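The letters A, B, C, D and E name the chains in turn, as written, and every chain counts its residues from 1.
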Amino acid sequence: EMKMAVTTSFANSGLADVLLPQIQADTGLEVQLLIVGTGQALRLGAAGDVDAVLVHARAAEDKFIAEGNATHRREIMYNDFVIIGPAGDPAGAGKATSADEALVAIADAKAPFVSRGDDSGTHKKELSLWASAGVEPTGDWYRAVGAGMGAALNTASGMNGYIMSDRASWLKFGNKGDLALLFAGDPVLFNQYAYMPVNPAKHAHVNNDAAMALEGWLVSDTAKALIDGYTIAGEKLFTFNATAN
Amino acid sequence: MVASILPLHLTGLEVHRRGKRLLGPVSMTLKGDGTTVIIGPNGSGKTTFLRALHGLERCTHDAAKWQADEETVRARQAFVFQSPIMMRRSVQDCIAYPLILAGQGKTNARAAAAEWAERVGLSAALTRPAHVLSGGEKQKLALARALIRQPELLFLDEPCANLDGRSTREIEVILADARQSGTRVVMSTHDMGQARRLADDVIFLYGGLIHEAGPKDAFFSAPKTPETRAFLNGDLLP
Amino acid sequence: MNDILLGLAEAARLIVSFDPELIEITLRSLQVSVGAMVIASAIGLPFGAWLAINRFRMRRVVIALLNALMGLPPVVVGLIVYILLSRSGPFGVLGLLFTPTAMVIAQVIIITPLIASIAHQAIRELWADYHDLLISLNTTKSQRIRALLWDGRRALLTASLAGFGRAIGEVGAIMIVGGNIDHATRVLTTAIALETGKGEFALALALGFVLIALAIAVNFAMHALSRTERSGRW
Amino acid sequence: MNDILLGLAEAARLIVSFDPELIEITLRSLQVSVGAMVIASAIGLPFGAWLAINRFRMRRVVIALLNALMGLPPVVVGLIVYILLSRSGPFGVLGLLFTPTAMVIAQVIIITPLIASIAHQAIRELWADYHDLLISLNTTKSQRIRALLWDGRRALLTASLAGFGRAIGEVGAIMIVGGNIDHATRVLTTAIALETGKGEFALALALGFVLIALAIAVNFAMHALSRTERSGRW
Amino acid sequence: MVASILPLHLTGLEVHRRGKRLLGPVSMTLKGDGTTVIIGPNGSGKTTFLRALHGLERCTHDAAKWQADEETVRARQAFVFQSPIMMRRSVQDCIAYPLILAGQGKTNARAAAAEWAERVGLSAALTRPAHVLSGGEKQKLALARALIRQPELLFLDEPCANLDGRSTREIEVILADARQSGTRVVMSTHDMGQARRLADDVIFLYGGLIHEAGPKDAFFSAPKTPETRAFLNGDLLP
């Protein structure tokens, strides 16, 4: 039995429901998931309240390691972000050839854009994209909602606005309303998930054996098959990219 | 007042509570004028009877027949309770409340209330919160509140129980005046002297039943049953 | 533990520095919660009184239902209001979604049963006192309700304050219908939830302490007002 | 609109099919909320009575504070309990974090002020009645509190039920201290929040309807119990 | 009872409310035995005086000096209120309550309660909820509840105001018996006949002050002031 803090977007994807039973079958580990924001996940790890974390926010992860909260960082898989918007696409973001272009189109049209605004991995990614597109996202059209992915999608659906989401959350999202996937595929939109076992030297009580066993399983071929094989509506969500070391 | 709500005819009036008959069957007619005094030992049903007449007790359906529709009947009565009910207001506001309910302006109502307070001897207490009054003062307040709308029919449940001798006499004068000006008074009392002074008719309740009733003089000078005699003597009832 | 101290320090710093953003969301919290309290009291107090003075066949059922409605899960209320107000919902044309008005609507739904229930409880006792007198004085139902609400006003204050308390601390419903949009619908509780998700526990706690201070201030203000006004010991 | 109907249908289906997962989280909801209600009542009711019978200098302040505490934001309570119970917190060694016990603790903190405040309100009226008698009979404080709690038990039911209502619908605090872990700490409200986040409105609503039905059932049960037991019209 | 809590010495006892002096200054000594009856018009302060003696009114500090410590003093008194306070319990449980408080077993207490109910004439009402009793029955209950712990000092505030003649006589016998067996009785009444029958000493309160006081015979046969004479005659007080 071990506890792992994961981000909302991972839990919302539904991949966990596929992986957990298999983990239990293969290793006998009962993994309990705590579904929280990225920042909160890292805090739980730092406090020693969980045995491992699975997040996607590179800079914060490096800091986490540097502070000695985890023994190491192990890349497991990636998925990608997509740009969602009203099916009519008034800003013409769908015709863009790069993520930068799509964002510039939205900003130029001053079309409502919903931002997670919660400092999560997704939010940080979005901010970095605005930066590289050379747009300062301010004004009435830019709505920072300060909520999880699902809630932000709800809001976008309610406002009929644009939003950047991870593909898994989008595909799983039930309340699509008038929204559609408009842009995807630019490599800058790739989103790396990493696994970090909490440092037993800092928190003696953590179940490091289980955490290591889980890591071993996550980089195994069984995991690869399950992750690469997981689809929603015929679309593949995650790409396994763990390296054996 | 145009047509009177009285006489009231009762046929087989009963009040039941928790499977017990507290009152009745009572059949009688309450005529249009005079003062009726109800006497009887503790727990004999005086309060229950008065409340039933006033429409406060759930009782036999259709047992009471008035001479007007229900709304008129209700509007022309007033009741002075055995333990006076004080609202959380000043004495003046308590007395004025029935007038306010009847749609009178606040200023008028309060002026009338001050006048009535004067009559029952409460002028000094006008601005006090009603609930700090002494026992006797509360009874006076309740009386003023009942009289202020000049009811056609006035019920009083032991209105002088907590009053001193002087106040009792004053209230008796007020009641006699009211009777003179046409108010029908029905009251209960344990004070036989008061009964003799005020009553035209007397009803002796015993065990929830009208044991004996009649005009004052006949009742007191020649009680018909041994129970009545015993009660008037203050003896143990047989 | 450290976080709690940091939170207190941060709260003090925010308040002392008149942080404009803090002031903005605090005022919005106050506006939404007071608005909800006023509307819910206007509905719940008379309803509670009405329920106390009427004897009808389904009375016990209505009371039990009312008590049960105190348990309405905010998230569900939020969802239903969201669905009703959303563009594709029946009231979509009003364009209320993601506005403070929507938040007030959701909170009114949540706190009205609470206010009505406590009011009913308080009024029931007063009605037991007043019953005979008010019946004897041949009052109409509305006169009775008015008398009970007026004379029971001090007890009803608790009902309204309980409603206010629930509203100001609530987050589940207003997050959904308000959307926690910066500079538009962000209030203290949604900001706290946001900072918690970010792992900014100290800041979240700081906002929480501000919220508690606000609730205390409102309560003292209401108590002071009700004390000035009262003349006796009622 | 459609979602609401779908939700109702789904709720009916879940209930009729005795969905084992639904049963599990429903029972856990019940267990946590009833546990919190019992503990909070055991603290809040006597405290409310104590506050009603004691006159001391800071009494008004304490009452205003108590009323203000009804507004404790659940997320903040959740955070503080989290910090205390966390491995790096003072009570970390107990290992209570992410257990139903932790959820009960958080809910007790949230609902105790509510219960105490309503109880105080109800007892105050009864105490006004009983004051002279109980003083005259030379009762000790604890005898007074016992008499008031016993004779006022019907009014106090509302207090406890209000607490239960708040507990069963609460999500902010128990999400943080319970963690919404499947098969361990997931309850109805956290499941609703989860499904809402996924945009699965129909399922979220279905769970919400189950929760409301549960609250109604508990209220009817409590009312029925209290009715059986009462002998008079009190 | 070992040492008595009496006599009680009062020096300058005053009761103030809302800036008004309701009572006093009163200086007197309440000796160890007999029955003292307090009379006076409505609002003269009888209730306030009795309550102040019993320790229920906030009054001048240190004005009352008892012969025992506060705890003993409080434990050995009982009070029958002008408007009896009914607990939300059955008649039997109400009467038994003081014994339960004193630590007696429930069975014993209830048996004793039944006995006292019998003595005051409430046996038929034992299982009724106290609040449905009639006005007179409530007064009887309050009396039984006060007597059940056999207090050394018993205060009664118009205990027979709502009682019928027969019950009044019975209660008077009970009070005389209690006095005989050493209970110190201090009571108020508006019934001068009752005052004559029960009193050893009489205190006439007027406007919150002890206007005249003395042994019964002297008081009634030769009242010293015109106010006392007027009050006893039921005239308007000067």
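Definition applied: contacts are C-beta pairs under 8 Å (C-beta built on N, C-alpha and C of every residue); 3 or more make two chains touch, one makes a residue touch a chain.
Everything quoted here is computed from the prediction, not taken from an experiment.
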Applying the touch definition from the top, give me the chains sitting in contact with each of chain B and chain C.
none
Comparing the two chain pairs, does A-C have more C-beta contacts than A-D, or is it the other way round?
A-C
Would you mind checking which chain's C-alpha centre is most distant from the centre of chain B?
A
So what's the Cα centroid distance for chain C and chain E, whole Å?
49
Roughly how far is chain A from chain E, centre to centre by C-alpha average, rounded to an integer in Å?
81
Taking each chain's centre as its mean C-alpha position, how far apart are chain A and chain C in Å?
36
Could you list the positions in chain A whose residues touch two or more of the other chains?
36, 148, 151, 154, 157
Pull out every residue in chain B that's touching 2 or more other chains.
132
Residues touching two or more other chains, restricted to chain C: which are they?
176, 193, 196, 201
Sort out which chains touch which and give me every pair.
A-C, A-D, B-C, B-E, C-D, D-E
Which residues of chain B touch chain E in their complex?
17-18, 40-43, 46-47, 82-83, 121, 125, 128, 132-137, 140, 157-158, 161-169, 190, 192, 231, 234-237
Which of the residues in chain C end up touching chain D in this complex?
1, 3-4, 60, 63-65, 67-76, 78-80, 83-84, 89-90, 114, 117-118, 120-122, 124-126, 155, 158, 161-162, 164-166, 168-169, 171-172, 176, 188-189, 192-193, 196, 201, 204-205, 207-209, 211-212, 215-216, 218-220, 223, 227
In their complex, what parts of chain D are in touch with chain A?
3, 86-89, 92, 97-98, 179-182, 184, 194, 196-202
Which residues, counting only chain A, touch chain D once they are in their complex?
3, 8, 11-12, 32-36, 47-49, 148-151, 153-154, 157, 172-176, 203, 205
Chain C touches which residues of chain B in the complex?
51, 54-56, 74-75, 77-79, 81, 85, 87-90, 97-98, 101, 129, 131-132
